[in-house]
Every structure is written in structure tokens, then in C-alpha cells.
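Chain IDs A, B, C and D follow the sequence of writing; residue 1 opens each chain.
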Amino acid sequence: MARMISYREAINEALALEMRRDPSVIVMGEDNAGGASAGSPGEEDAWGGVLGVTKGLYGEFPDRVLDTPISESAFIGAAVGAATAGLRPVAELMFIDFMGVCFDQIFNQAAKFRYMFGGKAVTPVVIRTMYGAGLRAAAQHSQVLYPLFTHIPGLKVVVPSNPYEAKGLLIQAIRDDDPVIFCEHKALYDMQGDVPEGAYVIPFGEANVVRDGDDVTIVALGRMVSYASEAAEELAGTGVDAEIIDPRTTSPLDTETIIESVERTGRLVVVDESNPRCSVARDISAIVAEEAFGALKAPIQVVTAPHTPVPFSDVLEDLYIPSTQDIVNAVKTATDWKR
Amino acid sequence: MTATATVRTQEGLSADKLRDAYRMMRTIREFEERLHTEFATGEIPGFVHLYAGEEASATGVCTHLDERDTIASTHRGHGHCIAKGVDVKGMMAEIYGKATGTCHGKGGSMHIADLAKGMLGANGIVGGGPPLICGTALAAKIQGTGGVSVAFFGDGASNQGTTLEAMNLASVWNLPAIFVAENNGYAESTASTWSVAADDIADRASGFGMPGVIVDGFDFFAVHEAAGEAIARARAGGGPTLIEVKFTRYFGHFEGDQQTYRADEVARAREELDCLKRFRARVTETGELSADDLDAIDAEIGQLVEESVVEAKAAPLPTEADLLTDVYINY
Amino acid sequence: MARMISYREAINEALALEMRRDPSVIVMGEDNAGGASAGSPGEEDAWGGVLGVTKGLYGEFPDRVLDTPISESAFIGAAVGAATAGLRPVAELMFIDFMGVCFDQIFNQAAKFRYMFGGKAVTPVVIRTMYGAGLRAAAQHSQVLYPLFTHIPGLKVVVPSNPYEAKGLLIQAIRDDDPVIFCEHKALYDMQGDVPEGAYVIPFGEANVVRDGDDVTIVALGRMVSYASEAAEELAGTGVDAEIIDPRTTSPLDTETIIESVERTGRLVVVDESNPRCSVARDISAIVAEEAFGALKAPIQVVTAPHTPVPFSDVLEDLYIPSTQDIVNAVKTATDWKR
Amino acid sequence: MTATATVRTQEGLSADKLRDAYRMMRTIREFEERLHTEFATGEIPGFVHLYAGEEASATGVCTHLDERDTIASTHRGHGHCIAKGVDVKGMMAEIYGKATGTCHGKGGSMHIADLAKGMLGANGIVGGGPPLICGTALAAKIQGTGGVSVAFFGDGASNQGTTLEAMNLASVWNLPAIFVAENNGYAESTASTWSVAADDIADRASGFGMPGVIVDGFDFFAVHEAAGEAIARARAGGGPTLIEVKFTRYFGHFEGDQQTYRADEVARAREELDCLKRFRARVTETGELSADDLDAIDAEIGQLVEESVVEAKAAPLPTEADLLTDVYINY
């Protein structure tokens, strides 16, 4: 019964399904149509975005898949404007690292319209963007940065951890009436997973308990969910039974599920690929430490990348990215901890 | 190098349309003059940027627009709001921070918006609007509504990358979009003759594949004609236009500005160039409207603005519950 | 002996002193010279920035105080580039809210040069910027946003709480060889304080213990330091003796001083005007909860603005900004707490 | 509307200068061709964008520059690095991620920089460089060094707001800055004929108050002459220039690109237009250099690049300690 497809295909399928279902859904981004709009001499639909995620959509929806010049402020802003006018644009901000040239349209415009305008605006825009290290793409193409978006009231932030999640969360994102930042980990695009063919939604703000356990709670985000699962297998061998929670969305955040778990396990490890300062990991840690203080048997451990840019050299990048071993060590620190 | 010549005014507006145009300009002027007075009392919170002197731009453009069309504005947005039909009393209440305001008191002068009227917001970010109207224009194009979208922005904003990118995108996508550069000579205290490296802002049009037009911003008819041409072309699928409107703002950058950076160009403008005076002279000379017609409008608007202030002052403030609503759809 | 000057004057004085001392220091920003560079018909040096902070500098240093067009990416980038070429630019990003149109030059360029280039770049640029609520300037002119800069490795972030701090920290910022984001609270510009006439530096990463106390530690940032002091006075009346710590810089952060204090008091309240998610408040909370877990007698309390944009109406804005009462309440929660 | 006509080539370079120019172009070509081969083995990490075909641009410009001058580059930066004198072996080691690399293996292909050589970095952000060179140009102006700064950027980057803003700022501040738009016809798979709404990128110059020039990018002499004029003017205080260089890149956008978006324009370019072939034909025809001269350079460079690869492969990797250094001055 299983139908295995990749994270990339799951995203592509979510887009295709929603475009079929709702003519107001449009897709735009650099090379998203793939040179076709350019009337260039080559094959139509040549690229489908730099890593091929939108490939094939142009063929089916030639009027609703748009290439853009390299003008992120203009086209992300256009997506935002179009969302106020009855469309449901899905704009691709190729690498999340490029937010610096268009952040204003996201955080001062899209995120604030509804509040500033006294509740009279609806801005159903989705910004798909690639994040994360692992491709040897160095400091300007490997960042995580979802903490920056999570900070901003008015934005919803999604970090799918596998193909199934990616599809259901993207369909929800497209149908959602608020601006959504949809963060795709580029090292997951080839990850295979069992994904139903039809449309389904995964609601925002509902964490997924990936693994049940009683000794320690591990909250992990995006690609780190797989790492946490590996760590849990290893820990199981040493008699430590870890519960793994994937929040799925960093904003809204399902604090309830996390706190309920920590109240049972008494221990928490939060795993986040981002830099540590003002990270989602520390955010979750602080919330839990405030709300479940009485239940904590050990200090919350936070596993993140170091406070450095992402290095290029593969040997350094591998050291930079939080590892399964880092998670195992953090769990051990928590379980071994004595007052 | 000047991209294109000034467009000469022509005519052909019905008496009703002329009355509407005059009413629009007069409403803006009255609204802004009154705010200037009220601001001095200290009762109005925050930053207030007045549009007085520039009425012919918002009016000359927006008299061509209808409910299919969208505009995006700037920090100096009252005139554009009024011209696009936003309720004057709601605006005044908004500027006073009242619950009855257009944005429930949560936006203020710099963020008045009314999407139901196609007014996508004043904007606190210089250059914030042009990308947005590429989106509303795209929506109109995809939905086939025949709608056009207009971004108003200042001379200062014409140097902002977001504005420049948006012009290129509008051409590349062949959008029904109009870019109205309101060149009032200054961005805060910085002269446009210094900050805009071209002779005219309109010179930038050709670099983004669109016609560039310069108009006398004190002349309603000049703006109206240039905008009419551009909007008709855009509606017909002919793509975007950049219109540079030149004039002087009558007050400081914001209320409180001592304006030591400029010599008194305002007195002369008010005396000799003023758009309302010129409009009155022209339509009474040609006999298109009578002085009585215009006086009646003046009185009507005086009354409206007076009421808007009285009502705004008496209106209730937002309450604590309002702080946490409208962040998202569901709360 | 006291020489009282305002926060605004203290900043102006720091700039003037450093410009006199070092010809490589330049100042730039919108209207920083004040229309003078425009050769406009008006008075030279008319503005000195929108709130007059650089006023007078142009007269003394006509070649080193530059107006700019409204092109934040270009001129902040120019400041960054100039810093790599031997100047020490102090660029004014008028309101911190405008970072969205120029963030790339700050976080992908300035912040990363040294690391990406293998330690071979030195980028001594200071970006002065106004933050904070209180001026009824609404959602796009009132944000705090220093958490976003604090997240980025390679940036240093300064949040002076009074005129004395502002002067000493700005002189340090100018002499510092790393990129510095210098966050001036706009509601503090008229605050008076005792400030020495000459130059002095306050080192980064060294917190200031504003008030000694044994019952609870209050860490407060920027304008919130005054609020915390008021709260402490009120609490003293109820027999609660609060220690107040002003970290001065959020990056680097003096965790030592904070932890040492919490180890004594057993209780921590962190006060930060920013939005709560991924805030500096939660960051500090998480660090302390991890490193001083054993010392904590009560859950750490975090006092921030709510997760909303900044509202316009004065009645709402006053509710939005953390208040002295909020701090008092948080301290009471901490001191009253029982397992 | 074409802003200005193509500049015709003229001459007057000494044999030594010609040899240097040829050596520079040949080094770039050899470096890139070799990377193309090596990349296919899978040993090179990350994204690699090759400059082959565009050598005359970096060379035509940088042969005018000296240690006072700074350049900023792009993701396609190897050619600019080599032309500004960055050590070829250090570059190769960097691309392999080795500790002996120009950036200690921490930057990689997209971030090679050597500030001591006036090379302010390849840049992973499209449009990242133009603002930066306004700063280095400003520093040169304030310090009175006579230095000029050059931003190289692509046709795609010519639509980025940062690039457009930088051009205006350079004019407003009258900076010794040169903007070199390298129009190779594509930004990734997107044709510049579509993404640039003007006929030519050079058309944008007048909107930012500077001369705009178009040159044949396969012709070293054409680039050299246009750049020489612009750089001389900038050094003399005459302000910035925009130079559009037109040509074709020989490889895909990055290594691995199947290039299904373009018909095979490369074969013809390599055959008929190639800058190295044309240079050789021209200087041997005129007798300025002999075929032996050029062959000797080819051999020398073949040897250099071969060594650079051998040494890079053998070089040590960075170590764990390197992860946490050079974030700030003090750690």
C-alpha cells in the first residue's frame, strides 16, 4: 500500500493538487516556470526552480506559474499584494538566506496588514524557501534563519520533517488565510517517505509525537527529527526511552503537547539546526522552564549549531551541524544529572 | 536628458465630473489644513505627514479609477485615501487613535487602509508600496477584471531599490500598473535635485521599458490627462507607465518640522500655483462651473471635516481586548 | 560636579569626540548632514538626522558627514565596504524597522566577511539605529528587533540604557573592529544623565549591576532598565530586595555576571521590550535555566511585549509596552512560587 | 532605446601588457576548464559556477587596475579573482575546501576574497557587490588615494534593487566607481531578453546620471578600451560609468546544469567568437606577439593549473579548532 515519494515530489504534488482544486493558487519564483516565460530558445519548463521542486507545473498551468527577474523585494511583494486581492500565491524565495533583500515585504507588510488595518486584511500568501546546511554551499546558502521569522507576530512558520509532513503542511499553508513561511530543508529533498496520493491537511500548531517514551522528551525541528530518531534508537540500546516531538510549526507552537510530555518525562532536550542565540530551541526551552518548572528533574539541554557562520569545507560543515551523537550526549547529560 | 515632454492639458470633463474632482481636492485640502491646526494642540498622537499642495496628483489619477482598481500609498497618505473613497470620518477617527477609526485605531495616520475601497494602505516604509501593486495588478490580470493598480511614491522613494525593482517587474510581466512619482522637491530635508542622480525621475522609465511622463502637479487637468492616457493603455494590456508629478508640499515633512532646509517656496506656490485656485480660475473662466457651485462644495466640505473632528474627539478609545486581536485570522 | 546631558547629546558627543580623534571615522545617513550636501537653498546642517542626533557634526566635519538618498541597501552596504577599506563608518539606519530593506548587507556581508574570508577581513562598521515603542509611531516605526541581530554570528549588538552608557558604549563601538548594531531607544533621547566630558569606553560583554539585591535578579535591557529600577523601588517597600543587571550588549552577552547573581538570589526575571518569540529574554532565560538550574528556587519569569505588532492608539501602545507593574508582578510570581 | 553606441576597439598596448593580458585570460580559461573536468569526478564540494567564455571582461577591466583599486565579484567569481591577482593555487585549494585555501577552506568557490589584493569577494548574494564598492570607492575618495572600485555583476543582478540603488548612490556621491554588467544572456535558466525590461542594461545608466556603454565581451580590446576610458574618468573625479559587456558563458549556470533552456549557442561562440582565439588571431596578425609567445604562455599556465590541482588534492583539511575561530576579531 505504501507509496514512496520524495520530499521534493511531495511538495510538487501538494502544489499541483491545490492548483487543480483552486484557480486562485499561483506559483512564482526565479526559474519556477523554467525559462519558458522567457520565450527563450530552449525547452519549456526547463528548470522548475533551482532544485527542480516546481518542475512540471508550468506544463499544466502555463498561466499560473510565473518566472521572475532576480528582484526578490518586487516579486515577494507582488505575491503579498496579490494575496490581498483574491489570489493565493505561493512564492519561492529560493534560499532562505536571501531574505535579507526582501524581508521588509514579509515582516513589515504581509505580517502586519491584518493588525495595522484593524482586522480588515486577509493575506493568504505562502513563501516557500530552502534552508539548512549539508550541501557544502557555505555561509550565504546554508542558514536556518526560521528563528527570525518565528520572532515576527503575524507570520506562521512551518518546518516539515519528511515527505508526508511536507505535503500535508503545504496544503494547509496554501489554504491558510495568514502569511506562511514554509521552510524546506534542502538536504531532505531526496528523502523518501510514504505519502497518500490525494490531498490532506496537517493543521498548524499541532505537534506530532514521532516516538513515545518515558525517560526524556526530545523536541526536534525539521531535518533534526531524523537525527533525533537515530539518537533515540541508540539510546534505546542503553535503556533510555526517549519521546520525540516534532512541533511541525514553530509559529504557532504547540506548547501543550511539549509540556504534557515533559511533565511525564521530567527531562527535555531541544534540537535545532540554527545558531543558538535567540533560537527556537532556546525559545522552547524558556517556555517549558517557565511553565513546567516543577516537573523538571534536570536542566533542559539545547542542541544547536555553534555561534558561527556556516563553514564551507565539508569537514567543518559536518562539525557545524548538530549530530546524532550531540543529541545522545545531551540526553545523557539530562538523564545523568543530579542536583 | 529628459525622457519625454510634458503632457499638455486638454479637456472634456462633464460638470458632474468637475464637481467631483473639485470636491475631492477640496476635501483633501480641508482635511490637511485642519489637521495642521489640530496637531498644534497636542491632541493628535504620533507622526503626521500632510499632503496639502499635492491634491491634484491623487485627484487627477484617482478620478479615473473605480472599484476594480487598487492603489498603494505612502506615509503621506491622507490625500490618496480620500481620493480613493475612504470615509473621511473614519480616517479622522483613525488619526486620533479611536475605536471608530478605519483601522480601529490600530494603524494611525501612516497605516490607513481600506481594502474594500481598493486602498492598500498608507505605508510607513519608503518604497513599500510599489512591489505590492505589482501583485494587485497581477491579480487583476489573471482574474481578467480590467483593473489597474497605482503606486504613489515620493522623489525620495524613487531611489529605493524596491521601487526600481517593481518597475522592472511590472514591465516584464506586462502588468496594468502605474507608477506615480510625486516629486515635491524633498525627502525629509534632502533635495531631490541632489538625491535623484537623473535630471528627472521620469528618465528612469526607459531603463525599465516603459514610457515616462512629466506633469505639472499643480495642474489637475495635466495630471488627469497624463493619468488617463496611462490608465487606458494599462487597461488595454499596454503595460505600465511612470508619471512624474512635480510640485511643492505646503507643510513640513511632518508636523513639527521647522523647515530650515528650504527657503520659502511655499508662499509663492500657494499664491501663484495652487491647484485649487487654478482649478477654480479655469472652470469659472470657461464657464464649466460657477463660483457658486464651488462655494457650495467648500461649505459642504468645511462642514464634513468639522464634523469628522468633533466626532473623532468624542469617539471611544479601543479597549484592552483589542490589543490581542487581529494578529492572525483566528486571533 | 555632575554634568547632566541627554542621551541624544551623549551620542552626539561620542561621535564628535571620535571624529576629532580619528580621521577615519565618518558619519552617514538620511539627512545626517541635513540637506546641506544637497546644496539646497535652505540652511546648512538643518536636520542632523530625523531626530537631530547628528546635528552640528556637519559644521565641524563637512567632508566626513554624508547625506544619503533613501537607499538603505546601498548606503549601509557602502558603510560596510568602506569599513573593509580603512574607514570607520558610523551609518544611521534611521528606524530599526527599516532593516528589512537592507538586512542582506548587514547579516550576509558585514557579519560574515571575517569568517568566510578565513579571518582576513576587518569590518569596523557601526550601524546606529532607533528602536522601541512609546512615540505612537505604530507597527512599522516602533519595533525592537535587536533579537534578529543578536541571532546572527559576527554581529555585536548594543542596547544602551542611559546617557552615560550610550556615550561609553558608542565610543567602544566605533573603536571596535567588528560590525556593531547600536540600538538607541527613541523614547530615551531626552533622558538626562551625568556624563563625563571626555572620551571613555565601556567594554562589550560586561554587564552593569545597576542595583544590588539578594532576593531576586532582574535582567533588563535598554529602556527597560529604568522600568526595572522603578519596580525595584516599589518592591523594596514590600521587603523584596531586587538586584538589577543591565547586560549592555546582547551580543556578546555577559552570562557570567547574570549566573553569578542568580546563584545568589535563586530567582530571575528577564525584561525585554521585544516580542516574546525567540527574544533575548527567552534566550537569557534558557541559558540561565541550563547553567544555573540547581540554584533556581522558582521558574524564571520573562516579561516582554505580547506577540502582536505595535498598535497605534496610545491606550493600546501603553498596554503593549511592558510596564513597571508587569515587572513587579513577575517578581512576585517568582518570590511567591512554591513547588 | 539604446543609450549609447558600442565602443570600437583601438590599440596601443606594449608587448608585455599584451602578454600579461593573454596570460590572465588563459589562466582563467585553463582554471575553469580544469574545474569542469575535476567537478565531474565528484571530489569538489558545493556549487561551482564557471566563468569560461567571459575572460575578456575581467581581463579587459582589471588590466587597468592596481593595488589602490578594489573589485567586488559574484557567485561566478574565479575569473575576477584571477584577474585581480589572487593566487591561483590558493584559489584551487579553497575550492577543494582545504586549510591552505585563500580563505582557509571556510569560504569556498562562492566566497573567495583577498582584501590585500583589493578583491572584496565573490558573493553568494546576487546584487551583493555593488553597494560594497560604493564604500571602497568612498574610502578611496576620502583618503585621496586615486583608487577606483569596480562591481562586476550579471544581467540577472541588474534587476536587483541593491544594484540599482548603488548606481544612484555612486552618482550622487560622485564616486570613482565602475559598474560592469556582464550580460551572458541568462540568469540561471532565465533569459536576459525577458528579465531586463530595457533593450539593453546600459539603458539604465541615464536614469542614474552616468554614461552607459555597450561592448562586445568576446573582444578583449573592446572591453579594455571602454574600461580604460571609464576608469580614467573615475580616477579624475568624473564619476561612475555603467559598462555592459555582452557574451555567452561556455558552461551551465553551475556545474551539473543540463542547460535544456538554451539551444547550442556555445559551440558557435567557442568556434567563431572566443576571446582567446580572437586575441591570438589579432596579435599574431599584427605581429604584436608571435604564436610562440602565446604557446609558451599556454604551456606555463597548463603547468600552473596542473600543479594547483595536485597540490590542492594533497593539502590538509581544516581542523576542528577552525570551526570556532574568526567569527569576531577576538575569537
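As a convention for this text, contacts are C-beta pairs under 8 Å (C-beta built on N, C-alpha and C of every residue); 3 or more make two chains touch, one makes a residue touch a chain.
This structure is a prediction, so every number in the text was calculated from the model and none was measured.
> Identify which chain pair among A-B, A-D or C-D reproduces the interface of B-C, meaning that over half of its contact pairs, matched by residue number, are the same.
Having compared contact pairs by residue number, the answer is A-D.
> Quick one: point me to the chain whose Cα centre is farthest from that of chain D.
B
> Where the CA atoms of chain C average out and where those of chain D average out, how many Å apart are those spots?
40
> Quick one: chain B and chain D, Cα centre-to-centre, how many Å?
Centres of chain B and chain D (C-alpha means) sit 44 Å apart.
> Just give me the whole-number Å value for how far the CA centre of chain A lies from that of chain C.
That pair's centroid distance is 30 Å.
> Residues of chain C that contact two or more other chains, please.
Chain C, residues with two or more chain partners: 69, 71, 73-74, 97-98, 100-101, 104-105, 108, 115-116, 138-140, 153-154, 306-309, 311-312.
> Among all residues of chain D, which ones touch two or more of the remaining chains?
103, 105-107, 111, 123-125, 159-162, 165, 168, 172, 194-196, 327
> Using the touch definition up top, name the residues of chain B that touch chain D in the complex.
Interface residues on chain B, with respect to chain D: 1, 159-162, 164-165, 167-169, 171-172, 194-199, 203-210.
> Could you please specify the touching residues of chain A with respect to chain D in the complex?
Counting only chain A, the residues touching chain D are 30-31, 34-35, 37-43, 46-47, 50, 67, 69-74, 97-98, 100-101, 135-141, 306-309, 311-316, 319-320.
> In the complex, go through chain D and note every residue touching chain C.
For chain D paired with chain C, touching residues are 70, 72, 101-107, 111, 113-116, 120-121, 123-125, 128, 130-140, 142-143, 149, 161-162, 165-166, 168-169, 172-173, 325-329.
> Within the complex, which stretch of chain A touches chain C?
Touching chain C from chain A are residues 73, 97-108, 111-112, 115-116, 138-140, 147-148, 150-154, 251, 253, 274-275, 277-283, 285-287, 289-291, 293-294, 296, 298-302, 306-309, 311-312, 337, 339.
> With touch defined as at the start, can you tell me which chain A residues reach chain B in the complex?
These residues of chain A touch chain B: 26, 63-64, 66, 68-69, 71, 73-87, 89, 104-105, 108-109, 113-122, 153-154, 156, 176-178.
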